[in-house]
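A, B, C and D label the chains in the order they appear, each numbered from 1.
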């Protein structure tokens, strides 16, 4: 019997080596596998290269990993946010290396790694600083820059439900980088709200087939659901709305 | 109100020009938009270039279009099948041009057209006749050949259900080329069993978002379903099983 | 063109008026991405009786307005990471599909902010190049080169009075020759092979005044007021 | 090696036995694509008490056996266009995703037929190059270069007695240096940097006999009988 489920987040992240390249899913907080990141912090691997769209929000998840100085380099599209103070501090202190990649090139390069593409010509970034030094080519009257795949040793992905074969479905825009990162890493580790019986996921609706998944761990239902139905009652960071008049989320321009 | 539905297959294929490049979905008969092809035959456009995985089966659908000598050239991966007699005859008579593309390169080149990729390096076919003359490059110790996008003026796609925004779901392996062809053509025309109300398709399960779809026509429930449930009672070509002992489907090796 | 102290005499519309003006040029049935910041205001002015489908690059088509407090869903956010809702007919997809949609030219319109737009249609909106600043680009470069029509929404002048419409950008570029039209608080400009053309000057603003404010040679648009086909 | 009329003395196993032999080397949990034709037989010999997940390149993982007559679903077919079923845990996807899965090296094993395999692991299985033949390649080239282990299932000799194991292929290639192992009716051969190595000779077959039949220098495999890690 194939059973990719593991009983704890500690088991899920076991064996991640110092110096590993790790993809972490999520766009901001949506889809960020916070429990797996916490487990990685506890596990202790260091000198990591992280691939994520952002560079951490607030003091939790990826930001907490950064705060522990366990990350040597981060490859992302949008590090600077209103709540990226942990990264900002490390960057200004020269304690973290940054490789900035336009978001669509980041996504497509990750997809290319999973799909066995050697390199591809992208129109994004041509003529800008972020394509400096890249091979350019005119194809059908348009100029493209050559982009290479981004692969990883490990992907940490936050999905919604899984079965024991590792088939995954996501929830709303928390899907974001999960499916492409799952395919681009040697070892893909997934946290979900719930493991469901094999056959419970509609094969028409599986977003990540289990072939891309190595380990799955259930971390319990997200706080804004109740028995699978949306219940609300939280702020954008998922914190319970305990009192009226609690401070509103900043509306600074992030991406 | 956005309403991409049209009332008849004739309306759906209206305006297709002589000389057009047309993608036709389907892998063999599964997902082949037979009613749209019949409408295209009636519509009269000729001197067509067709992109499909195969080159027609039996005497219906794509094979019927070929039999009418309306196709100048076909681009596919597997023309020769046990029931491809129409194509075989035209090819041997020199009446149709063939461009043979390995199936995965065909799929990825179609995907590249929809995704705005200028070209990509593929490992498939390297060192074979089908990569002759292509630009080769060694990347990370492996040799790749440069492949260009395949786009089309029109895509004819067979899906399962649609809403009036053109969101599509497919059924089982009839999905095959539909989603990538829908994105790679200037005008995408879709036949479905049924148009459902906006909001009836689960946004988590929409396979082709309506942005890729221009016209949708309902052609009625496929013969092996009854009110959306699988009822069987047909052979592999979808013909009703009228009597025991009817001739079995050939089991020649096709792909 | 006489040299006058033009600022007092220039008509400036508000950001909300500008958002409404842009909304006017977006036909029903369009697929539209509204960039983070001011462009998101455009959504409030799209006609309620028409269907215009909003794309957010983090993986959704059919985005609806913000939810009520108490109904915020942290899994359902836009590219600015603000809570949104899903309309009937919406669809989710992953990041590679979402950016393929943009890069492949499937969006009819995107509306972006700008630091500078050059008369060749070059856009600078992601970095001032200031030393010590932390660079961040997000999806700006993909949007800039992706949509069929790239509209810029911006004040014509910076807070210190310099024109954001320029002969050549001095800030780091986001995209080359990508902008279709610039909607400013003073006027609407088309990007043409011969440089900026004034499609619509607000209030009493004249081409002469706009030329003076921008320091550029300007001409009237050939078909002013008629939106281009998407 | 003495020249004898080897054919009568050679042991040949049946196609079904060969399918069973291949099935033995596929560990539980493997993701496997069985090529059209004889390789599909392997499915019948996979152990019933183990889970091995079959991929079909037209867009499915978790493929099950053929349906009963009357329960044939024309929408649910394999790459050979034969009716199949879906197991609990299956998933559908489109062609680009399916071939990305192959090309990206996610399949553990694929089993293919062959016209010829060279000692460098080159495979020829799609065209005899005969003049007038209609070429057709399908997914063969993608499978050949995609899986972690590419197993070939074939008779050792053609109907006219020529070896399908060759120094260099004379038929048009499907893939270069892609075959991992060749399962024939006479023996199982590994492809090694030094050419073919005999992993297992069936019945009384000897390396000498196989060398004579193939006209190739052969050596024993270093770790005969131990399947490689997937």
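The definition used in the following text is that a residue touches a chain if its C-beta (ideal position, glycine included) is under 8 Å from a C-beta of that chain, and two chains touch if they have at least 3 such contacts.
Quick caveat, the model's predicted, so the values are computed rather than measured.
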Pair joined by more contacting C-beta pairs (B-D or A-D): B-D
Chain whose Cα centroid lies at the greatest distance from that of subunit B: C
Length of the line joining the C-alpha centres of subunit B and subunit D, rounded to whole Å: 29
Mean-CA-position distance for subunit D and subunit A (Å): 37
Rounded Å distance between subunit C and subunit D, as computed from the means of their C-alpha atoms: 56
Residues of subunit B touching at least two other chains: 108, 111, 115-117, 122-123, 170-172, 203-204, 207
Shared-contact residues (touching 2 or more other chains) in subunit D: 60, 86, 92-93, 96, 100, 102-103, 146
Arrangement of touching chains [line / ring / star / complete / other]: other
Touch relationships between chains, expressed as pairs: A-B, A-C, A-D, B-C, B-D
Footprint of subunit B on subunit A - complex, ascending: 108, 112, 115-123, 137, 139-140, 142, 144, 148, 169-172, 202-205, 207
Residues of subunit A defined as touching subunit D within the complex: 1-2, 111, 113-117, 163-165, 167, 183, 198-199, 201, 203-204, 206, 209-212
Complex interface listing, subunit C residues touching subunit A: 36-37, 56-60, 67, 69-83, 86, 92-96, 98-100, 102-103, 122, 127, 132, 134-142, 145-146, 172-176
Residues on subunit C engaged by subunit B in the complex (per definition of touch): 28-29, 31, 50-51, 53, 55, 60-62, 86, 88-93, 96, 99-107, 146
Complex interface listing, subunit A residues touching subunit C: 27-31, 53, 77-81, 87-88, 91-92, 98, 100, 102-108, 110-111, 122-130, 170-180, 207, 222, 224, 230, 232-238, 241, 249, 251, 253-255
